[in-house]
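A single structure is presented below for examination.
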Amino acid sequence: MVGTPVLFIAIPLLAAFLIPLFGMVWKESVRIIPGLVLAYLLVLAINLLSYVTVNGPIVEIIAGWAPPIGINLVFNAFSGFLVTLMIFMGLLVWLYSYRFKSNVEYEPARKYFLLLMMLITGSVGIVLTGDIFNMFVFIEIVGISGYALTAFYTGRDSAEASFKYLIMGSIASVFLLLAIMIIYSQLGTLNMADVASKMHLMDPKYKIISFILFVVALGIEAEIFPLNGWAPDAYAEAPGPVGAAFSGIVVKAAVYALIRYTYTIFDLSGAYNILIIIGLITLVVAEVSAIRQEKLKRMLAFSSIGQMGLVLVAFGIGTTEGVFAALFIMLNHAIIKPMLFFSGSYLVYHSKKKNISDVDGMGKLAPFTSIIFTLGAFAIVGLPPFAGFWGKLSFLVAAANSNMVLIIALILMVSVVEIVYYMRVVNRIFFFKRSTGLLARRPTFNAYIVMSVLAAIILIIGFYPDSVSLYLQNAANSLVDKSQYIHSVLTATIQ
Amino acid sequence: MKKILVILLLAVVGFYIAGTFFDIGFGNSHFVKNDAIKPVKDTYLQQTVQELKVSNTVTSIVVNFRGFDTLGEVTVLFLSVTALGSILYKKRHHVGERSVLFSASSIVTSGSKLLFPAIVLLGTYVFIHGHLSPGGGFQGGVIIATGFLLMLLAYENYSVSHTSLAIVESLAGVTFAGVGLLGYMNGGTFLQNFLPAGTLNDLFSGGVIPIIYIAVGFKVAAELTGVIYTVLNEKGENHG
Amino acid sequence: MDNMFYQYLDYAIYSSAVLVILIGLYGALVKRSLLKIVIGLSIMEAGVNLLFVAVGYLKNGTAPIFSAKGIEMAENGIKMVDPVPQALVLTAIVIGFGVTAVALSLVIRLWRHHHTLYIDEIKNLKW
Amino acid sequence: MAFILIAVLLLLMIAAAIYAVVQKDLLYAVIATGIISLVLSILFYLLQAPDVALTEAAIGVALTTIIFVITIRNTERMEDEPQNDNNIKSEVK
C-alpha cells in the first residue's frame, strides 16, 4: 500500500493553506500547485483502488480513536471508484481551465484555482467520510466554494444564480443538522457504521422523519426535482469548467451521500420505492423542461438533472444489477457531460445570449468542437457503439429482471425525448445556415487535449465495456453488502 | 396566496419536527431507554480525564476526538475569506476608501487605543487556556478579531496589511495540518496526540491539543479580521 | 408547582426553538428584500443551535469541564451534560458565520449591479 | 427562579425573531437579530454550555451584527416595497 486515504484531504488542505504564501514568491505557482496536487491524488487513488480490489476495504482511523469514538474514512471498492473518477475529472477540469484562465489577473486566478481544488476536495471528503457530522462539514466546504465559483464572473447574472444556490444550500444545511440531531439523540453516536448497526433499536417514527429530512437536505445538492431550482441558473452562469465540475463531481458526491443513507444507514423498506418515485419525477420533469430551453447550457443542465433522476431510479431497483447499472450511468455521465459542457461552451463562445440557435452552421467553422459535441450527444442518449449505450442497456436488463415493465416503458419514452432535443442541436450544427456573422473560437491546446482524452475514453468504454465492468461490479457488491461495511469499520484498528 | 401556502407548509414541517423533539424529551438521558446503546459521550467524558488530561471536554472533542471536523471548519472560514475576495473583486482597487459607520469622537479613539491591547490580551488568554476553562481557539480568535474591528471603526486610516494577514493565516493553517501529519508519522493516525499528556489542570497538558488550539486561534483571528476588512472596504460606488 | 413548571418549560424550549426556525424559514421564503432573506437564514441557524444544545442538556447536570470543582461534583454523582452537541454547535456557529458573510458579499454584488434589494426587480431571482 | 428567567428569555427571543422579520427598517431588524443571539448566549449559559455561550456572544452578537450593519450602510436601509419605491430609494446613504 502506497499512502493512505487521509492524504486525500490532508494534502489539498495543506496546499490550500500554502498557496497564498507561494503566490507571494512566484505567481505562476497558484495555477500549478493545484494541478500537481490533483495529479498526485490521482496516482494515490489508482494505487489504493487496485490495493482495495485485491485486499478489501481500507478503514482509516483519525486522531487515534477507533470507531465509533473518532472519525474515520472508508476507502472501499465503491467509494474508491467514485473518488478515482472524481479526481480524474477534477484533473481534467484543472487542465482545461489552466489556459482558459490565462488572461485573468493574478488575484482572481489564485482564488479560482484554490476554490476549484477545494470543491474537489470537499466532494472527495463527502464520499470518503464515515461520520454523519463530518459529512455536513464537507458539504459546507463544497457549498462555499460552489457559491464563490458560480459568482466568479463579475457579469450581471452570476451573483443571482449564486445567491439562489446559497439560499437553497443554507436551508439544506439546517435540515441536515436537524436530521443529525434526531439520530444522535436516539443512538448516541455519529459514526455511520455504528448508526447502521444500531438502526433497528430506533423507533420507526424517528427513522422516517430523519430519513425525510436527509432526503430533502441532500436532494437540494443532488438536484432532485422540486429542490433543483438553483441548478440550471448556476450551470448557465458559472464559468464553463465550473459547470462541468458541478455535473461531473459535486452532483456525484451528493448522490453518493443519498445512496449511502438509503442503502447502508437506514433499513427502511420503503426507501427504495421513494428513490424510484423521486427519480422518475425528476427524470420526466427535467427532460420535458430541457426540450423547452433556449440556452444551450441550461439545456445541458436540465439534461444533467434528468440523468441523475435516472441514476436514482437505477439505485431504487435495489439489486446488485441495479446498482451496477446506476454506477455505469454515473460513470458515463461524469465523462460525457463535462465533455458536452466543454465543447458546448466553445460552440457559443462569442455569442452574447448563448442560445441554441447560435450554433447554426458551426460544423463548418469549428469541425473539431462540433464533432466532439456530436459524439457526446450520441453517447449520452445511448446510441450503440458509445459508452452511454452500455449504461442504459444494463439498466434495462436490471429493470427487466425485477419485473418493472412500466418503468422500462417510461424510460424508453423519456429517451426518445432526450434524442429529440440533442439531435435538434446536432442538426443545427451541421445542416443549418449560419445566421450571425460571429466566428468560432479555436479551442486552446489544453482544451484539445482534454476533449480528445474524454472522447477516447468514451470510445474505449463503448467498444470494450469490460475494461471498467470489473471495478463497477466490485463497487456494486461492496455497496449492497451492508454487513461487511459495518464489520470492517467497527473492527478497524490502527495500522 | 403564496404567503398562505408557505405558512401551511411551515405549519406541517413545524408540527412534525416539534412533535419529534417533544417525544425525545428534554433534560433526560435519552439513551437509557435501551441498554444496547452505549453512547459515545460516556467514552469522551472518561477518556478526556484519563487519557488526554484535558479538563474541558468540549475542547478535547473539538480538537482531538473530532479534530477532523475542526480542520474542515477552519477550512470553511478560510474559503469564505477567499470567496469574499473573489465575489467582491474589482479591477481598480481604491485604497483608503472605506465606509465610515460613524465619525469617531476623540473619546472613542483614545478609548479604543486603551481597550485594544486589553482585548487582544483577553483573546490570547482565552485561547491559551482553552483546554482548562471554557473558551478556546474559536472564542479567543473571535475576541481578537473584535479588537481589530474596534480599531478599524475608530480610526479611519487604520489599516491591516493583507499580506501579514495572509501570512498569519497560512502559517496557522500549515501548523494545524502539519501537526496532524506529524501525528500520522509518530502514532499511525492523522491528528494523533503524540506528545505526553502531562497532568490534569496544568497549563502544559493535553499534548498537542493546546498547540492546535493556539493555531486555530491565530487562524480564526486572521480570517475574521480579513472578512471584516474586506466588507468594510467595500464602499458603495455611486453614493456617499 | 416546581415540577409542573419544569414540565411546561421542557415543551417551551423545544417549541420556541422550532418556532424560531420556522420564523426564519418564513422570512427566507416569503420576504422580498435580499437582506431580509439573509436575516431569515441567520435566525434559522440560531434556532437550530438552541435545539442542539437543548437536546444535549441534562437536568441538574453540570458543564462538561473537569476543573477542581467539576471533579468534586462528578465524584458526588452529579452528571455532566452531553458535550457532543456543544462541540457540534461550536462548529455549526462558525460555519454559519462563514456562509452569512458570503451571502452578504453577494448582496453587495447584486446591489452594485441593480441598485435595488427588491427581489422582483432582479429578474432571475424570482422563484 | 431560573425557570422564570428562561421563560422570559424565550419569549423575548420569539418576539425579537418576529420583529426582525416584520420590521421594514433593516437596521432595526439587524439589531433584533443581534438580540436573538444575545438571548441565545444567555440561554446557552443557563443550559450549561459555557463554550457555546462564549462563541455565540462573540460571533452572533458582535461580528454578525457588524457585518450586517456594514452591508446596510453600503446598500440601503429600508426594505422597499414597490408602492413606496420611489420616495424611499432616494434616501439611500
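Structure notes:
Note that the chains are named A, B, C and D in the order they appear, and that numbering of residues resets to 1 at the start of each chain.
We take it that a residue touches a chain if its C-beta (ideal position, glycine included) is under 8 Å from a C-beta of that chain, and two chains touch if they have at least 3 such contacts.
All values reported here derive from a predicted model rather than from experimental measurement.
Note on connectivity: the fewest chain-to-chain touch steps from chain C to chain D number 1. When the interfaces A-B and B-D are ranked by how many C-beta pairs touch across them, A-B comes first. Measuring from the averaged C-alpha position of chain A to that of chain B gives a distance of 30 Å.
In this assembly, the C-alpha centroid of chain B lies 21 Å from the C-alpha centroid of chain D.
Centroids built from CA atoms put chain C at 16 Å from chain B. Annotation: 38 Å between the Cα-based centres of chain A and chain D. The multi-chain contact residues of chain A, meaning those touching 2 or more other chains, are 133, 137, 140, 144, 147-148, 151, 154, 159, 162, 178, 185, 190.
Looking at chain C, residues 9, 13, 19, 21, 25-26, 51, 54-55, 57-58, 63-65, 84, 86, 88, 90-91, 94-95, 97-99, 101-102, 104, 106-109, 111 sit in touch with two or more other chains. Each of residues 17, 21, 24, 30, 39-41, 44, 56, 58, 66, 69, 73, 76, 79-80, 83, 87, 134, 138, 227, 231, 234, 236 in chain B touches at least two other chains.
Pairs of chains meeting the touch criterion: A-B, A-C, B-C, B-D, C-D.
Of all residues in chain A, only 4, 6, 9-10, 13-14, 16-18, 20-21, 24, 60-65, 68-71, 107-108, 111-112, 114-115, 118, 125, 131, 133-134, 137-138, 140-141, 144-145, 147-148, 151-152, 154, 159, 162, 178, 182, 185-191, 198, 201, 203, 205-206, 209, 494-495 touch chain B in the complex they form.
Chain D contributes residues 50-55, 58-59, 62-63, 66-67, 69-71, 73-75, 92-93 to its touches with chain B in the complex. Of all the residues in chain B, the ones that touch chain A in their complex are 16-17, 20-21, 23-24, 30-31, 34, 36-41, 43-44, 47, 64-69, 71-73, 75-76, 78-80, 82-83, 85-87, 89, 163, 166-167, 169-171, 173-174, 177-178, 180-181, 183-184, 187-193. Within the complex formed with chain C, the chain A residues making contact are 133, 137, 140, 143-144, 147-148, 151, 154, 156-157, 159-164, 166-167, 169-171, 173-174, 177-178, 180-181, 184-185, 190, 229, 233. Put simply, chain C touches chain A in their complex at residues 21, 25, 28, 34, 37, 41, 44-45, 48, 51-52, 55, 84-85, 88, 91-92, 95, 98-99, 102-103, 106-107, 109-110, 113, 122, 124-125, 127.
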